[in-house]
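Here the chain labels run A, B, C, D and E in written order, and each chain numbers its own residues starting at 1.
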Amino acid sequence: MPRSYTRRSKKTGLAPGSAVHVGAKRSELVRISVIQYTEDTFVEKTVASAVDCHALETASAMTWIDVNGIHDVDLIEKMGNLYQLHPLTTEDIVNTEQRPKMEDYGDYLYIVLKTLGHVKGAGNLDSAQVSLILKRDLVISFQEAESDVFDSLRERLRKGKGRVRKMGSDYLAYGLMDCVVDRYFTVAEALSDRIEEVQEELVRQPSRGTLQDIYRIRHELVLLRKFVWPLRDFLSGMWRGETRLIEEQTRIYLRDVYDHAVQIIETTETLRETLSGMIDIYLSSVSNRMNEIMKVLTIIATIFIPLTFITGFYGMNFDKLPGKDSLEGFFATVVVMLSVAIGMLCFFRSKKWF
Amino acid sequence: MPRSYTRRSKKTGLAPGSAVHVGAKRSELVRISVIQYTEDTFVEKTVASAVDCHALETASAMTWIDVNGIHDVDLIEKMGNLYQLHPLTTEDIVNTEQRPKMEDYGDYLYIVLKTLGHVKGAGNLDSAQVSLILKRDLVISFQEAESDVFDSLRERLRKGKGRVRKMGSDYLAYGLMDCVVDRYFTVAEALSDRIEEVQEELVRQPSRGTLQDIYRIRHELVLLRKFVWPLRDFLSGMWRGETRLIEEQTRIYLRDVYDHAVQIIETTETLRETLSGMIDIYLSSVSNRMNEIMKVLTIIATIFIPLTFITGFYGMNFDKLPGKDSLEGFFATVVVMLSVAIGMLCFFRSKKWF
Amino acid sequence: MPRSYTRRSKKTGLAPGSAVHVGAKRSELVRISVIQYTEDTFVEKTVASAVDCHALETASAMTWIDVNGIHDVDLIEKMGNLYQLHPLTTEDIVNTEQRPKMEDYGDYLYIVLKTLGHVKGAGNLDSAQVSLILKRDLVISFQEAESDVFDSLRERLRKGKGRVRKMGSDYLAYGLMDCVVDRYFTVAEALSDRIEEVQEELVRQPSRGTLQDIYRIRHELVLLRKFVWPLRDFLSGMWRGETRLIEEQTRIYLRDVYDHAVQIIETTETLRETLSGMIDIYLSSVSNRMNEIMKVLTIIATIFIPLTFITGFYGMNFDKLPGKDSLEGFFATVVVMLSVAIGMLCFFRSKKWF
Amino acid sequence: MPRSYTRRSKKTGLAPGSAVHVGAKRSELVRISVIQYTEDTFVEKTVASAVDCHALETASAMTWIDVNGIHDVDLIEKMGNLYQLHPLTTEDIVNTEQRPKMEDYGDYLYIVLKTLGHVKGAGNLDSAQVSLILKRDLVISFQEAESDVFDSLRERLRKGKGRVRKMGSDYLAYGLMDCVVDRYFTVAEALSDRIEEVQEELVRQPSRGTLQDIYRIRHELVLLRKFVWPLRDFLSGMWRGETRLIEEQTRIYLRDVYDHAVQIIETTETLRETLSGMIDIYLSSVSNRMNEIMKVLTIIATIFIPLTFITGFYGMNFDKLPGKDSLEGFFATVVVMLSVAIGMLCFFRSKKWF
Amino acid sequence: MPRSYTRRSKKTGLAPGSAVHVGAKRSELVRISVIQYTEDTFVEKTVASAVDCHALETASAMTWIDVNGIHDVDLIEKMGNLYQLHPLTTEDIVNTEQRPKMEDYGDYLYIVLKTLGHVKGAGNLDSAQVSLILKRDLVISFQEAESDVFDSLRERLRKGKGRVRKMGSDYLAYGLMDCVVDRYFTVAEALSDRIEEVQEELVRQPSRGTLQDIYRIRHELVLLRKFVWPLRDFLSGMWRGETRLIEEQTRIYLRDVYDHAVQIIETTETLRETLSGMIDIYLSSVSNRMNEIMKVLTIIATIFIPLTFITGFYGMNFDKLPGKDSLEGFFATVVVMLSVAIGMLCFFRSKKWF
């Protein structure tokens, strides 16, 4: 994770409002998808440039412009000019190191979200930035790269299912946010599954890798929480009606997303709680293993050390060792040895060492 | 516990307000019990469908509809339409993954609670969701499955005991919440009993299982606290009179439930405090056991190692070992051995090792 | 402590406002002491029933009714009716599992306090509940059992010392609260003395019991804090003038009790801080002891193991062992042994092991 | 430190407002120094009784009465009457167990501060209580014993340096508070120096005393923080203008002291942070030492135990031990021993044990 | 770091508002650079004294005075008089032990910031203080020593790039703050890189130095956080419009810096979280190493101790040792030895010790 801070320094010393793409380098063409709809009509197009998509706008219909790719800084700046966005907004859109936030610029809302997802194959969490511009009758979404996160909403728009075709751009923005938050549930579930796996490993045969797994999961929980926490904060303001662009009837839906955000935060808390319990259990199992090793050593050593002493005793080369020349002496010695061994075993038994 | 998050993902991508049953699958028939009462009259019926129970409603009496089972999504949606519930409410009722909350929809309050109980036989905590709809003269309660949690209240209604028949629907809703909170006390007591058991085990003979028990109990305390905490929050708002549907005279009772909620939260805090002390004592007892093992090993080894050296010394095959051929040499050697052994024992005694 | 939650479940399922005695069973007769006073007059009586004490009331004098024993539920209910207390108040008075709180019922204040004291002989903290009813010109106090907590105040009333005879019932209630809070100082001092004792034990000779003592004291600190914390909260409201029944001139005294409560809370914080330092020192002393044991073992073993090898070497039964048949060989061997032993000792010395 | 709570119990059961000296017993005479000044005039006297100092007061000049010693309760009570202080104020002045606080009694402010200083020779922190009474044109300061804490301010007054002679009593009170807070910086610096010393000890040769030193310093940090924290709180209220007795132009100076208080709190936080890191390093160094001891034991034991076995093998008294009678057999055995020893050493080398 | 508090005590006992240079001693000449600009004009000069730079001021242009060096207290006091700064401001400018803060003196804002940077070569963080005075049409910046922190802004002013030449002094002050905050990103990135290095070391071969590195990084994170935290607080007030000197259009930029501050704080939190995980991993790896050492010792010792006993047994000098005189006896003994050794190895294998 530390790597993610390394890219920010590119911007040091530039004038504020300078749009510089901060993020992984990409070279694909930026695809802009435009959807226009009223309750009865639905038009979907893919355009190549910012001007094209501005030309498409009409007063009578809702418009959703979905920009897939933000590495083409020129295009973003052109759009910023066409839609009268503040230079700081344009700067933020192309800088993928934002934290989730909502800014009210009077005639538009600027919302930054982070999508999260597990990369297939690798176990690591991958995050991407989504910027939303909410104007009256218009929503623009900027994604770092093409993704399927809004597919379900697009499908609902196409089929006219649900309330989305009947309501305004604020409801559309809500829908987009809901899509992102829904992903968080998937991530939380995946993390919770992995915790369960590690928990089983912990009971069966904990290894050093177990501890590192625990910390890796904890790190991802921290990441998830870091993305949801500010979301919760500004959603709370939005459904309480602090911004003019959200209509009364949409607020209740925002309360619902807010609720989901709170639920995810609580889940991360509970999971972290579980993880710290697991760390304690791991550490205590390391101690227990040490105890077990010590017990084996102590039992073997303390049984044989006195016996070896006795053999040593009769191994001394004194010419007149008592009992040395009779068979009875030998057997008596063996009997003494056996009693010592059995006595020791009884002692360990009484200590419940085995 | 992690398992409880696994079911949420069923809903990803659906339109908001889509009622989908999220929870354990069930196939029993849903039983709807309808109770209508005034101060003097009391009628109790069991109906089969939503329409039936709506037909029963009359203006002059209080009505309590108790729906046992929420897996029949059609029925819940029909009821939602009949009683003019917001689609989000209907969606939340059938989704058992809610956190406790209270939502004011103007003409009705929507309250989500969680009942908690120990499954008989198994030691695990089991939770179920209860949704309440509070309208003027009407309360609807939705339970995941039939349970005995409201039996005492129903009995009081039947017999006309207490204030419940004389007061409005808000008091009935209060009664239902009180039943749920009363259960929490039982759970807290059971947990506290189990803590006492584990505490005794800790003094007698702590094992690795002890630590896992401690963490299991801690986990259940976390669960309990997670369910009571939001309850406390919205109860505080309710008795302070933030909602129009709660009458002045009922508020004092809500303050009482609020008080109980605070008391339960404090109990969980105290118990968690006790648990973390127990973890420390467990870990320290593991260390102490190690110390004891090391002491036994060290005492035996350090007494016999010098003795064995002496026997080895006279075991050397030098032709001219001093004292080898006299009995005095032998006894002198034995005396030296005894002095070494006794000296060592005195040394350990002075260190208070035994 | 867990035991204290076990009794609450008696009440599960009862109608709210049902007065059920929850607490240790008692059978003594309830003693009601009535004190009436103006600036110039003072009358003290002991009555047997609730009616008697109501009959005594007069408009011109302040009345303080002190009920010693709350297990006679009938009597408490009768008093509740006579003095027009809300059923929830009556219920709370006989339920000893309340947390400290203040409730404003308009024409009276209901205050719950917890007295704390060390049982003589046994080291355990004992708590009892005190309920206060503050009306204009009347204060009723309910104690679980007879105690000496209010004796100093009663004495001051008798002798007309201080301001108490000149001021209203609010000042009397303040006086009662002050008595309870004064006790907390005694408890805090006792705990602090015990901590000092354990601290000395920790330096001299820590044992497993030391750790358990630390946790026992910590538990009592938690208890103390739990009783003072809510007190602080409602006292803050009272001296800021949120309730009509407290007059301007009394508020400054309430600020004084509030101040004491804060001081006790801070003391508990400091003491807990000290305790957790003591736990760390204990754990580290266990580690140090282990180190010491290991050192003794290692020194003895590593000195004698090489020596024993040398004796073993010359104990081999080869016919032609070099130097076997000369006295020089023997002495050379002894010199080698001594050098090994001295070399080892120097090595340990250089490691500062002894 | 626990000792400091032991004295409070003297007061249990007394009427509120009873002035009882709670603190270390003293018998010196109380010295009252009176300073009167205007911008142009300056008079300094030492008086013996409260009446004397009241007689000195004049309307036209600022008066600062500095009472050194509060064990003469009669004198304090007389002053309380002369200057119309509330009985609770008088009670608080002679009780040295106050926490820092500011109380607004309408016509005067009562401020309690704690001075802190290291006793020369001994390393322990010593605290004393300072009470300030701020009235229009008059400041009274009560100190537990004579000290040099206000000397620099007195000097400035004498020489007419700075703003102090030109401004009101509020500025004088500010000056006194500033003197006390300046001392905290000295204490914080001394603590930080001691931390540095212990840190060096920790790197060189940590002992059990090191840990106790760390906890002693931590305890003093807690004390410092405990005294500054409430100061910060009420200073914040004072410079924001909550009290009528502080004039507009003085507020900016109070903001400055407030700022210093915040700075000291932050310093204690940083130092505590450092201390807990040091505790971890100490504990880990104990573990590391154990590891080192174990390594020495293991290396010596595992090299010689197999060798001793070989010597034992050829020490057996079988008549027909292979190779027993040839010199080759002997040398072969020696070669085997050397290979075992070298093999072991290589093994430990590969494990990086030495 | 503790050293940084040592210098403050120089000031103890001085009158408030006495400007005393608290900080590292310097003797370089103070360089004052003056920049004057309108949208179209740009003048840059270096002057020698305070009077010179005051003379340069004109009503029509923005002026930025950059003072490099604050050890010349006379010069700072002269400037304070010329620009009518409050004595407390002058005192604060020359005292480098300030915490970041913003003070509104009505006709000017006084802002204290801390720049942070890694000293080249050495790994330590170095901090310097920057004071800003913001008046209408004038910004004065005071730096401890010459640095390159404002170079990028100066360059932009020269070239007239960005908005800075078109806007007021508040925007210039914003630009200066932005420069300082940009540096924090560089520091955070450097710390995050070092954490990554240590993390690799932790996996490869952790040593005691690793732990000290971790604590050193943690200490620098604490420092960074300590400097950003108060910044965040007052920036929040500034962009919400609490001060008259900040114009509406600049506020949006202040929100941007505020945002950056929050982002840095969150980064430090995440990094600290990572660090404490690393400490746990380090400690657990120490335990694991101990386990490994114990295992080697136990395996070697428990295999050879019984074997040595057997050799000792046949080393006894009894005249009639069974099997002593036959070759079969010898081979039987060897077979017994081998079985014991193999049995032990199987036992360890079953325990998964190797």
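What we mean here is this: a residue touches a chain if its C-beta (ideal position, glycine included) is under 8 Å from a C-beta of that chain, and two chains touch if they have at least 3 such contacts.
Which chain is which protein? Per UniProt: A, B, C, D, E = Magnesium transport protein CorA.
Computed from a predicted model, the values in this text were never measured in an experiment.
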Q: Determine the centre-to-centre distance between chain A and chain C, using the mean Cα coordinates as centres, and give it in whole Å.
A: 42
Q.
Using mean CA coordinates as chain centres, what's the gap between chain B and chain C in Å?
A. 26
Q: Could you tell me which residues belong to chain B and also touch two or more other chains?
A: 287, 290, 294, 297, 301, 305, 308, 312, 315-317, 321
Q: Please categorise the chain-chain contact pattern as a line, ring, star, complete graph or other.
A: ring
(Q) Applying the stated contact rule, could you write out the chains in ring order, opening with chain A and then chain E? (A) A, E, D, C, B
Q. What residues on chain A touch chain E, complex-wise?
A. 1-3, 5-6, 8-9, 11-18, 86, 88, 97-99, 101, 103, 105, 205, 208, 211-212, 215, 218-219, 222-223, 226, 279, 282-283, 286-287, 289-290, 292-294, 296-297, 300-301, 304-305, 307-308, 311-312, 314-317, 321, 324-327, 329-330, 333
(Q) Can you tell me which positions in chain B touch chain C when the two form their complex? (A) 151-152, 156, 161-164, 174-175, 178-179, 182-183, 185-186, 188-189, 192-193, 195-196, 252-253, 255-256, 259, 262-263, 266-267, 270-271, 273-274, 277, 280-281, 284-285, 287-288, 290-291, 294-295, 297-298, 301-302, 305-306, 308-309, 312-313, 315-321, 351-353
